[in-house]
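First subunit A sits with subunit B, and in the next complex the same chain sits with subunit C.
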Partner chain A sequence: MTAVQTHMDPAVRESTVAVERRRGGLGAALRFEVRKLRAQYRGWAVLAGAVLAPIPIVVIINGQSRPPKDTLFGRFATDNGFALTLLILGFATQWVLPLLTAIVAGDIFASEDQHGTWKTVLTRSTSRAQIFWAKTLTACGFAVLVLTLLAASTIASSLLIVGHQPLTGLSGQTIGAGTALQLVTASWATTLAPTLGFTCLAIVLSVWFRNPAVGIATPVVLGMVMVLIGGLGGIEIIRPLLLTTSFEAWHGLFTQPRFTGPLVEGLLVSAAWSVLSLGAAFAIVRRRDITGG
Partner chain B sequence: MRRTILIVLAALIAVIGLASVVTATTGGSSSVTRARLEKSLPVVFANTYVNQANLVGRNVTAASLHAKAMCDKHGPDVADIGPGGDWNCLMSWTDPQVPMPPEGYGKFELNVHSNDCFTASGPSKLTGFLTITDKHGKPVTNPLFEFDGCFDPHSDNAATGVYFPSLFAITSPNVTPTAQGRTTVKVNCGTGSQGCAGTVTATAGRVNLGTMPYKLKEEATGTLQLPKPVPAGAKEVTFEVKPSTGAGPTSPATIPVQPR
Partner chain C sequence: MTPTLAVDATGVTKNFGPVRAVDEITVQVAAGEVYGVLGPNGAGKTTFLRMLFGLIRPDCGSIRVFDKSWDQAGVGVLDGVAGFIESPRFYPYLTGRANLEGLALLDGGTRAGLIKEVLDIVDLTDRADRKVGGYSYGMRQRLGVAASLLREPKLLVLDEPANGLDPAGIRDMRALVKRLAASGLTVLLSSHDMGEVEEICDNVTILNRGSVAFHGTIAQLRTMAPDPGYLLATTDDRRALALAEHHHGVDVSLDPDAALVVTGRRSEVSAFVAALMRADVELLGFTETQTPLEALFFMLTDDTRPTSAHRSNQAQEALR
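Now for the complex of A and B:
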């Protein structure tokens, strides 16, 4: 079969593959979802915001006469670029990252409801499962992209505007600029898992409530509620199970010796939230009756 | 569809409940504990101390400080576990240029967060004020005035065995005899272990006003009544403290008499 195919004319092979996968395939659905996303003004606005917003924020914090000491690394933020990126990271994880990912993920299913296009989409030659995964992958891909852009822009602008002096770590130790850059980059990277957790949370809410406003706002509100619960004393037993706790797991990278227990826990917790959310969302999409509208 | 959602929600609640039970039975509801703070604070302190020393042009190593801490949350009747702004840590360290006070430690106030990070503010007498002058003569922020640290929530939770005595002090700014000739002074017992006990002997000039025993819990205040009335015309009363438990002022405290 393969041997035959390799000798075939490319055009013929294309058509053969198309005939073989008569239902269009995940790739086609994915390409279509990405195309839809690219055509939307909203996605571009979020990406542009992720690139441009850190610059004025860095300039403004750098211009403060007194550093914002009540946040971790805040006390060094006005004279150390690494500390400033970590300050912004701490702030971003409060609600910015859930919001940025939810703007696309909370809308990607619900917009079909809003425009009444489920019937059109589901009568195309792709299965519900393929459409579900295409939308999920698109939302996750967007989350990765927006996080990468935000991290790169924040790190670059902080280092260029404030500088790359050695950083004082969370054990009071001095961290050289080279190591600090690696650790700061790693810290931003560790927020990917909980960010994807929020993406999946936004997807299930988007699927469940069929309303883009709910899909976008609710993950942000839930995130803030989780931050609040996580900050309370007395009920700390549920703290490790909160999605927002993983957002703080990077603290362990800046102590001496480093600790990675919370990072591993955070990865597992984020995975659990993602799997449960996607499972629920998939079940809802699978059983959904679209004949009504 | 609703049924699925309910099942998922029930599963989530079950997972959370199960995890809660597991955590509760394996002990300790909070990762913020006395032992972890007592191990973490001296490390952060020593490194920050070295930073401060470098700023002012001194050469100190973290190991040479031998910093030790004893921490306590919110007085003797509250369990020393959990986040809060009411942690106090007593810390001793060795620096020939900064001798410890007679009680042998300085008191740090800690605000510990549930995310296992804390902000500590040091005793200004020992660690300096917000701004210090660096070796080039420029004013810089004193890193020891206030500093942040984090500890591993899974780190060893065995007790450190570091204890410091509570410091007993007479806090009344003056002595005021009442119409009946009764005279009282306010005293307190600071953070530390096992509270304060001992005797206080009061004298006015050459007149012995008697000896008063005291026994206070740590982080408590009390009132002592002088056994004999303060003689008329006495300008001041001197109190000599002999602690049997805890530390006290090493030299007698002289307090002026406030005429009624």
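Now for the complex of A and C:
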């Protein structure tokens, strides 16, 4: 090991000492992430799907002569817009919501590997932590937006096409239209926490595997596996810990009396999945050597 | 007062599993100079530059940039530093301008008109509003330079900027680097092309298999360079070989491809060629095989030589 001494003009030396420069920070990184998302067709396609897809589904179910009686609220789905909304909600939580959120969250980190752009963004004036949180906030923001649009479109199309008659609850009680609308809206809102849980799961997979396909598909597959496991008997200890169980917490809103224990439990379980996923993802991003690109 | 070095890397080592990519290298670049890091592919140049940018953590050693280290200053180390590692990469679904605007955001914004200025410098103004996915390799290289200049750096780090470019692209890129260097920027240039470094740099470090094989000035390197080599095609190689025995300043041997390989000082080689003419041995071809610095570079980085001691001996032989 030897050192090399270099020669320089003192005048140049004095003039070339680096200056402190402004830095972008989290806000700037967030704005850049949103710009990138807006420039991609995929995000717009998902949003358009969330708005438009419920309409033909509502039309098709409404047109069926025999309602899907073996599903929750399926018995009333062709007669009652609130029931049809809840039927679609139950279906959406099986795999649709994990997929819609993973399309962005499962790709948002892995696409930097795909395009080789980690070195591009990490050689600017923004730290790894700021880039990480900007991406996470973008993915979570997108999840909130897509859930809101899907819920609004499903509720509006169901009520407009099928009607807004009073709803029969799970205990056989009649729920007036005004209360039913509040409860249906609240039901969709309760899926936000597990949806964000799946978003964070997609993020850690995106970070870990560095492959958009894995980041997008794996949360959907894991969701299906959780549904399968949740359906098995004799696993009462594990079942509440599954992220998909949190998607069912709204059932208690439609019983007489209502029970909210699963909502709190679901919130805690979703938070735990989110924190663990993001913690692992953050640790990987912080420690990773960027050798590719 | 001790002058602030633009780059002060001391004893830097990096292992990837069992492979030692960089082995205790020390590189010090003074502010205002144009410094070359030279080596064949896999020598550790890019790993070193990635460590400089904080993309890779060194296993040991220290790297300070303008007297700041990553441990103390975090991303603040990159204040006044810009460049690219290997080929610059951008978001293909964004235009060239949108890419620059986004990167400017990450830098905390730029002064008004700077994006247009840097696009002008790299001659991309008329293509700035096309998506990068449709850019040629050379255009992406130039956009990489533009993205670097956007930071108005004091230290510009360029990793093989001419790599993958066609001859016209190489010429343009070298001219651009020369222009930037002439403007007073500190430039740290990595390359595997001795000609490129010789043309642009004041000082050079030659890396081989992760270790420093040489560092010093280009002038020092020249003094170590062996005699140039030439390929001669004649009408009578046997007679030419016989004549060579009377010219002690040249070393002539017969190449398996039926050409004569001649090494020696230019004056001695000229005298030998003149002797061939006088002896009616016609010269059918005369080609310089490699420049002296290229020859030295290959000697220093020849993997068939197992130790640096051997390389050093070879360099000393070249000196004699």
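By definition in this document, the second predicted complex is superposed on the first by the 269 of 293 C-alpha atoms of A that agree within 3 Å, B and C clash if a C-alpha of one lies under 4 Å from a C-alpha of the other, contacts with A are read in each partner's own complex, and residues count from 1 in each chain.
By our rule, a residue touches a chain if its C-beta (ideal position, glycine included) is under 8 Å from a C-beta of that chain, and two chains touch if they have at least 3 such contacts.
What you are looking at is a predicted structure, and each value in this text was computed from that prediction instead of being measured.
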Going by the contact rule set out at the top, does A:121 touch subunit B (first), subunit C (second), both, or neither? second
Considering only the touch criterion stated at the top, classify A:230 as touching first (subunit B), second (subunit C), both, or neither. first
Let me test your reading of the model: by the given contact rule, A:290 touches which partner, first (subunit B), second (subunit C), both or neither? second
Please work out whether A:268 is in contact with subunit B alone, subunit C alone, both, or neither, and reply first, second, both or neither. neither
Partner chain in contact with A:39 - subunit B first, subunit C second, else both or neither: second
Touched partner set for A:25, first subunit B, second subunit C, both or neither: second
What part of subunit A is shared between its subunit B contacts and its subunit C contacts? none
Considering only the defined contacts, which subunit B positions touch subunit A in the complex? 1, 4-5, 8, 11-12, 15-16, 19-20, 23-24, 29-32, 40, 43-48, 50-51, 82-84, 113-117, 119, 141, 143, 146-155
The subunit A residues in contact with subunit B across the complex are 69, 72-73, 75, 168, 170-174, 208, 230-234, 236-241, 245, 248, 251-252, 254-256, 259, 261-262, 272, 276, 279-280, 283-284, 287-288
Partner subunit C, residues of subunit A touching it in the complex: 1-10, 12-13, 15-25, 28-29, 31-32, 35-36, 39-40, 115-127, 289-291, 293
Help me check something: in the complex, which residues belonging to subunit C touch subunit A? 3-6, 10-11, 16, 24-33, 35, 47, 50, 53-57, 65-66, 68, 74-76, 78-86, 88-94, 98, 101-103, 105-109, 147, 151, 154-155, 184-186, 202-203, 205, 212, 215-217
